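After the structure tokens below, expect a handful of questions from me.
Think of it as A, B, C and D in the order they're written, each chain with its own count starting at 1.
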Amino acid sequence: MNCENFAAGERLVSPAYVRQGCEARRSHEHLIRLLLEKGKCPEDGWDESTIELFLHELAIMDSNNFLGNCGVGEREGRVASGLVARRHYRFIHGIGRSGDIAAVQPKAAGSSLLNKIANLLVLDILRLAGVRSVADCFVVPMATGMSLTLCFLTLRHKRPKAKYIIWPRIDQKSCFKSMVTAGFEPVVIENVLEGDELRTDLKEVEAKIKELGADNILCLHSTTSCFAPRVPDKLEELAVICANYDIPHIVNNAYGVQSSKCMHLIQQGARVGRIDAFVQSLDKNFMVPVGGAIIAGFSDAFVQEISKMYPGRASASPSLDVVITLLSLGSNGYKKLLKERKEMFLYLSSEVKKLSELHNERLLDTSHNPISLAMSLTTLDEQTNRAVTQLGSMLFTRQVSGARVVPLGIVQTVSGHTFKGFMSHANNYPCAYLNAASAIGMKKQDVELFIKRLDKCLKSVRKEKSKESHGDSAVDNCNITEDVNIQEMALNLDNAVVLDEGNGVYS
Amino acid sequence: MNCENFAAGERLVSPAYVRQGCEARRSHEHLIRLLLEKGKCPEDGWDESTIELFLHELAIMDSNNFLGNCGVGEREGRVASGLVARRHYRFIHGIGRSGDIAAVQPKAAGSSLLNKIANLLVLDILRLAGVRSVADCFVVPMATGMSLTLCFLTLRHKRPKAKYIIWPRIDQKSCFKSMVTAGFEPVVIENVLEGDELRTDLKEVEAKIKELGADNILCLHSTTSCFAPRVPDKLEELAVICANYDIPHIVNNAYGVQSSKCMHLIQQGARVGRIDAFVQSLDKNFMVPVGGAIIAGFSDAFVQEISKMYPGRASASPSLDVVITLLSLGSNGYKKLLKERKEMFLYLSSEVKKLSELHNERLLDTSHNPISLAMSLTTLDEQTNRAVTQLGSMLFTRQVSGARVVPLGIVQTVSGHTFKGFMSHANNYPCAYLNAASAIGMKKQDVELFIKRLDKCLKSVRKEKSKESHGDSAVDNCNITEDVNIQEMALNLDNAVVLDEGNGVYS
Amino acid sequence: MNCENFAAGERLVSPAYVRQGCEARRSHEHLIRLLLEKGKCPEDGWDESTIELFLHELAIMDSNNFLGNCGVGEREGRVASGLVARRHYRFIHGIGRSGDIAAVQPKAAGSSLLNKIANLLVLDILRLAGVRSVADCFVVPMATGMSLTLCFLTLRHKRPKAKYIIWPRIDQKSCFKSMVTAGFEPVVIENVLEGDELRTDLKEVEAKIKELGADNILCLHSTTSCFAPRVPDKLEELAVICANYDIPHIVNNAYGVQSSKCMHLIQQGARVGRIDAFVQSLDKNFMVPVGGAIIAGFSDAFVQEISKMYPGRASASPSLDVVITLLSLGSNGYKKLLKERKEMFLYLSSEVKKLSELHNERLLDTSHNPISLAMSLTTLDEQTNRAVTQLGSMLFTRQVSGARVVPLGIVQTVSGHTFKGFMSHANNYPCAYLNAASAIGMKKQDVELFIKRLDKCLKSVRKEKSKESHGDSAVDNCNITEDVNIQEMALNLDNAVVLDEGNGVYS
Amino acid sequence: MNCENFAAGERLVSPAYVRQGCEARRSHEHLIRLLLEKGKCPEDGWDESTIELFLHELAIMDSNNFLGNCGVGEREGRVASGLVARRHYRFIHGIGRSGDIAAVQPKAAGSSLLNKIANLLVLDILRLAGVRSVADCFVVPMATGMSLTLCFLTLRHKRPKAKYIIWPRIDQKSCFKSMVTAGFEPVVIENVLEGDELRTDLKEVEAKIKELGADNILCLHSTTSCFAPRVPDKLEELAVICANYDIPHIVNNAYGVQSSKCMHLIQQGARVGRIDAFVQSLDKNFMVPVGGAIIAGFSDAFVQEISKMYPGRASASPSLDVVITLLSLGSNGYKKLLKERKEMFLYLSSEVKKLSELHNERLLDTSHNPISLAMSLTTLDEQTNRAVTQLGSMLFTRQVSGARVVPLGIVQTVSGHTFKGFMSHANNYPCAYLNAASAIGMKKQDVELFIKRLDKCLKSVRKEKSKESHGDSAVDNCNITEDVNIQEMALNLDNAVVLDEGNGVYS
């Protein structure tokens, strides 16, 4: 509605009331103007009404929504299904152009604005979350692994001779595959055990660089957020090494935005040494559906080089999700989530500690890991791996998701490379264990239910074990059988050497 | 978005593209302005995008959606459930005020505009559909029966002595109850048989007026749309009688807007005689959910009197539905529906005619009825009513809805008045029959499926009958049994003397 | 999805995971089963996913959603606009049948279930809220006033001689009109002043009954929730009088469900005396859009008589809203809202008390009113009414909704009856005042903003007054002018004798 | 609702009606079962009600929607915004696992099923559209360019020595970049002019293979759908060459699914020679939002290799869109769209032919191109390029989207490679021209509006030109100025050598 519309409305209902309504409209417009002018996440979240109005306004700026448009191209934003059009708020043209995923689309001014705003909002949040000197970033509609691949592919053009990527080991398939897919050979640096923690072996990193020659190395690929007992890499020291040897440094910060510690490491690393880009998941940090990542860096030029490396247009869906989410939370809402996550981590730690002691186990001491923790499963493990995996399986069928049991001695080959002690980030970690994490959005109820169910499962597995040793077949039997079947099925499914997510092993 | 917003947007993406988007916005605004200024149904329907934008714009004019509102009253448009808020496009305040259902609400300029627009749109359509001289109308969130009651209650204040309502018989409960509920005594005028048609007995109407005395008569209550073989009342003649005796005249035009014949009768009646108000269903004429009606008349003052009679606020839901529907259809879309309905009626008639002849029945000749037709069930009826009701039941379970079998000899008491031959609008109609109607929105496929299933059911009932007479029990038996059970259940449910909708008897 | 569907799914993804999903489905089904079997509001609210699944399941039981349906009737639930169909979750057939608004529709099993469930849920809440012995109730898609009219129309058939309704005065138009519209003559019983409170004049009630003769009286029409300084009627005593004189008793409990005091009065009244029906607003008590009411009573038979009095089908929209709302809140959620409202009332009272003292006014002592309170405006009023109405106007333009200033000496004629001191429930209340209420859903922020803005407005009005007396024309002038214009416009609009809602006078 | 639920429902409303509703449910379930069992696109489209029910059923199988789930992982499908959750139908977990984008997720059986179904549906459509012997395919949430990159990255592991990709020239940036991004050097094969058509230079392809050595060549990268006057590559012959030299062959079939000719070429190529994979856009062929592609091939094993190359999970959004779209269209609906597109191409051709003759231009004879056509702009071009680009600019501001003017002599450098005559697929195409295409979903109205506006613009440009030559400055001037500004702005934006999409040059 513009002024003329309101004037017309005044002829139908009392002008005083229409003017009041018009005034009210202005407060929505004011919020939108602030957003567009400042390019920052509003402090207080917007209500749904303002968000939807804003999206609607943007959408009608796209040519597919022009009332008088005629399309004679091969890509006109036509949609066959009304359900589909609506769920995308009628943004159909995606983001970017053939030349650059960050480019403006002449046919789609609204989608282009949406894309710019998405990038500005997440940039603001990255700063607020601790990486104050980040220069630029963009949302890419690919998950973390593929986004890392894109970074590596970009570096290739700058370092044509390079074949290797130095990579302190972390047992997560897509990190490893991101390098292989890009066509490079990962050089795995085994972690060192410090107390219960697995930490970066700085000496070995430097030794490998010398051994292979800096020019042959595409980059160092380090990791912040990870499963305990591994802890975030020593980023500051690694960044200094990279600066010294003039080697690019890409950080996998998958779910690290939610942790001030991880963000601090990146900020410090960039300050004292070299970090070229850091990549984080949209879904894991911003509570949106899987499928997007943020590629960020400390040089505008390099970030733009990466965005220009993406060939063609891309889905606007992750950008749209993060815009809706951040506008509805506001920066205050997001900070609140960060604060609650931290509190929930303390609560989870103390509860797992208590429980572990009851069961003659212990909470591993991994104080450098701010998100994930681990509880030993030594007593289960004394007999066979089977009890450990059965625990995972039981948790899965009892609707505990994300808990992950890690037995000893798994051997797994990923893209041709064989990992001993797979899933534990080390060839020979001293004990089997169970992981749990306090991620953004976790509720107290999650912790309570988890502790309760874990307690039950531990008791049940133990009983089962003692029964077995007594040749006893008992009450909970049919359930157990089912659990085991699930486990076996899962094994077949994944061709894993021993285990699988179906057993709650990974998440 | 206003100019400042667009200007801010130009800093983010190319000004040329933003300006193109801004231009595009103007075409939506233009449509809205035309609507508000002219107060007429647009010729071409709007697309969903414009409709939703418009509704969104209106909604933010309501105080419950003001960003800075504080509410300290007992009715502040608060909503507990987001699902509910959304499905009403955040219009929460309903329509009207304690004094008048058509009044403007200071707290809700948007809802008030919506209400005005709803009334203007339907007024435009009533004119376009044939009642050119209609003066005013309003949407009321009650179905036809209760809306008629409201008309009668309004007349009471003008005719304090009146006790009776003259009513040419039509066998539909809510018409009858509308008078009883209002506290009046219906004076039933039996129809006369002309050929196959049941028509208004004008002489008897006039005789009754003389007998009871005009002052004692609240009004004449006539009907247009009805089930064949009854046909629309002779409105012109009735209107002249009303004018002559100075008796108000209320027309039940339930689903008559869709028929140019019905609308023409009203237009003519008002021209040559007296019609005070005519009432029509929203759902039956405009393809919206059940629950609203339009009260229209030829005097602004009287229509407003009725709207002021409604005590308190009311649901905006039917108004919202009709606004969305008419904006999406446009007047051209509505006219197209009217045209298709007429064609479908011809098609239905010819198909039923053919089928009836195949089964030694006939299509009753009821050419004055433009919507409903009837096919005799003489051959079924020759044995028992049971075969007739069984046909209804079979059609029901075969997902034919709206077909209605009318056996002979039903006696039904409604609010104390006993109707012989109930459902057939006459004490002794010559034969049992089946009704079908071509209502707005009917598709060719409806007719085809109906004819196919009716054919099957007729064959099956006949076979069954012959089996019965031969003491034969056969193939289709279990199905038949089920049908009969349904029938019996239905009987118990409704305390009808003989039959019920469950048997497909009514619709 | 049924078992076969899941089995088919198992061929596509691992059976273990499908089974887990199937198991998860069962927990939704379990909630639905409990609801259908027990017919009570679940203790814990359902999440949106379960609610939408449930509504979807019900909707596909309606014939308009049958995949193979063919419709040949005049009312087949066809919908022209997809937007409309969706917002109603594809429930198109409304509720009830021509005979009875509570009746089951053969064409619409799903809508019928929805209707039953709506009635069961609100019945459960009425009990929980304090009227433990309520026998039956139903949701009617009309606001409170028209619902009261329906009750009176029902009583007419039981008391054909009756002309009068005894009505302790409450200055709200639709209450009064509900009686006039039904065709009865309200007999206004003036309230008596007890301290600051206006209370029921029991003696006068009894005197009037004797004077008019019980047989000539349709019923007593009393009120619970109302604006201070009026307080809820003395229901127990009135109920005893009704029992003694064998007069029906209808209670207007408009927004009383949210107050345990109001509900207790009804429960006690029914226990010791006679209450036939009590009527409450859906929107004011359940935070849904305007347009529905609940008619409840202590005799199944009488409640059903009322529901059978409604001629024809009706909108399912209010029933749908209340079902969604109560399922999402659960009874615990609703109880929490009740508790918060009570707390907010205390907070509002204490804040208004403080503020009034700062401005040399006082919080009127109206302890029998659990929802609304009043603050005197004596100092403003000493000069002219203009200052009082100007305060109302200023609050309105400052987005305070629901505050209501009541000047002295307004004379208003409603449906032919002249009320002196209109809006104050008394011919000569001692002082002008301002109302505020703590209604369900009110937030602390509402109170805070209200107090802040009221403070500002009071200061501003006072300054203005002193300026006027000094012939001074000053800073805030243009604003004031605008306020006054609004007031005048409002006056013209409504033809009120002096004032109007636009001035914040009513809400 | 399961049987128990229905039984419970029968206690509330008549069992006969509930049973009818239960029966109706079964018809939805039946459709779902057929889909899951056969894994084929249904012939007739489903209605929205069935689609939404199905999606809802799938979604509740995902652990984030389990009512009793507790999550203690780092990725639990939590969603901060209700708007976001709803628009994804509560599918939050995306598709795939770290190992494989096609893998089943234990936490998300519903999402996994959705993903499988998406792949099955598009496979069915690829076959139906003409590539009958396709073996396998999958939906990938990246646009065509990045999907091609993924194919090349997969081949790298099979051909470690290879550096080159043989590529018959097509002037579209993302095709070219897809190879560069993957780290390969494109070897551009210039097209040969046959009549007006630009066609594959088979001899040069073979010569280059010999020159470079087959082992050094990663693959041949050919193209089907393209802008006229280029026509689809000679796939059969190319496929034979690939087979002969044992070189992989990847086909860019961007918008070729909609053309039976393109699909036939692929089918034939695979039959007589070698095609390893062909890649097509989801949005351009299936009328969904930008962001997805289908990678398909003739060997299960190779397609799976590609899917395993994608590191990590991915967005389910494109899969969801294509499932909704294909279920709502049905295969018959899709075939109808294909048929209409073909008809519209004929209509567009004949209209452009007529128009071009009126303006002394001609429709280029490019009969091998089934989608795009070109009209010469010789008369405009005779003076300067400016008139040509101005035409593009004018069409853009007149809301003609997708029309593309191609002036002569543009030089553009893309990723280090310089293209002469860029946009025209040839160093020296004989004339400037304008492209238009008939893509799926095009309406007759698009053609009509296009022809009308093009006619106007052509007249206007010509008038302008004659004015210029006469030193005349006239009526349409301000408009022209604006058009030119837009052009210049666009130039600055894109750093293109001469022109840009803002001028309607590309689309």
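Here, contacts are C-beta pairs under 8 Å (C-beta built on N, C-alpha and C of every residue); 3 or more make two chains touch, one makes a residue touch a chain.
Worth saying up front: this structure is predicted, and the values here are computed from it rather than measured.
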Measuring between mean CA coordinates, which chain is farthest from chain B?
A
Between A-D and A-C, the pair joined by more C-beta contacts
A-D
Would you kindly tell me how far, in whole Å, the mean C-alpha position of chain D lies from that of chain C?
56
Distance in whole angstrom between the CA centres of chain A and chain C is 48
Which whole number of Å gives the spacing of the CA centres of chain A and chain D?
29
In chain A, which residues are in touch with two or more of the other chains?
14, 16-17, 20, 24, 48, 52, 63, 66, 68, 82, 104, 106, 396, 399, 490, 493, 502
Write out the stretch or stretches of chain B touching chain A in their complex.
1-2, 4-5, 8-9, 11-14, 16-18, 20-22, 24-29, 31-33, 36-37, 39, 47-50, 52-53, 56-57, 59-63, 65-68, 82, 86, 90, 104-106, 109-110, 112-113, 116-117
Given the complex, residues on chain C that touch chain B span 48, 51-52, 63, 66, 68-84, 87-89, 91-95, 97-99, 103-107, 141-146, 148-150, 153, 156-157, 172-175, 177-178, 180-183, 225, 254-255, 281, 283-284, 286-292, 309-318, 321, 324-325, 328-329, 333, 337, 348, 371-372, 396, 399-404, 414, 436-442, 445-450, 453, 490, 493-494, 500-502, 506-507
In their shared complex, chain A is touched by residues of chain C numbered 14-17, 20, 24, 82, 396-397, 399, 485-486, 489-490, 493, 502
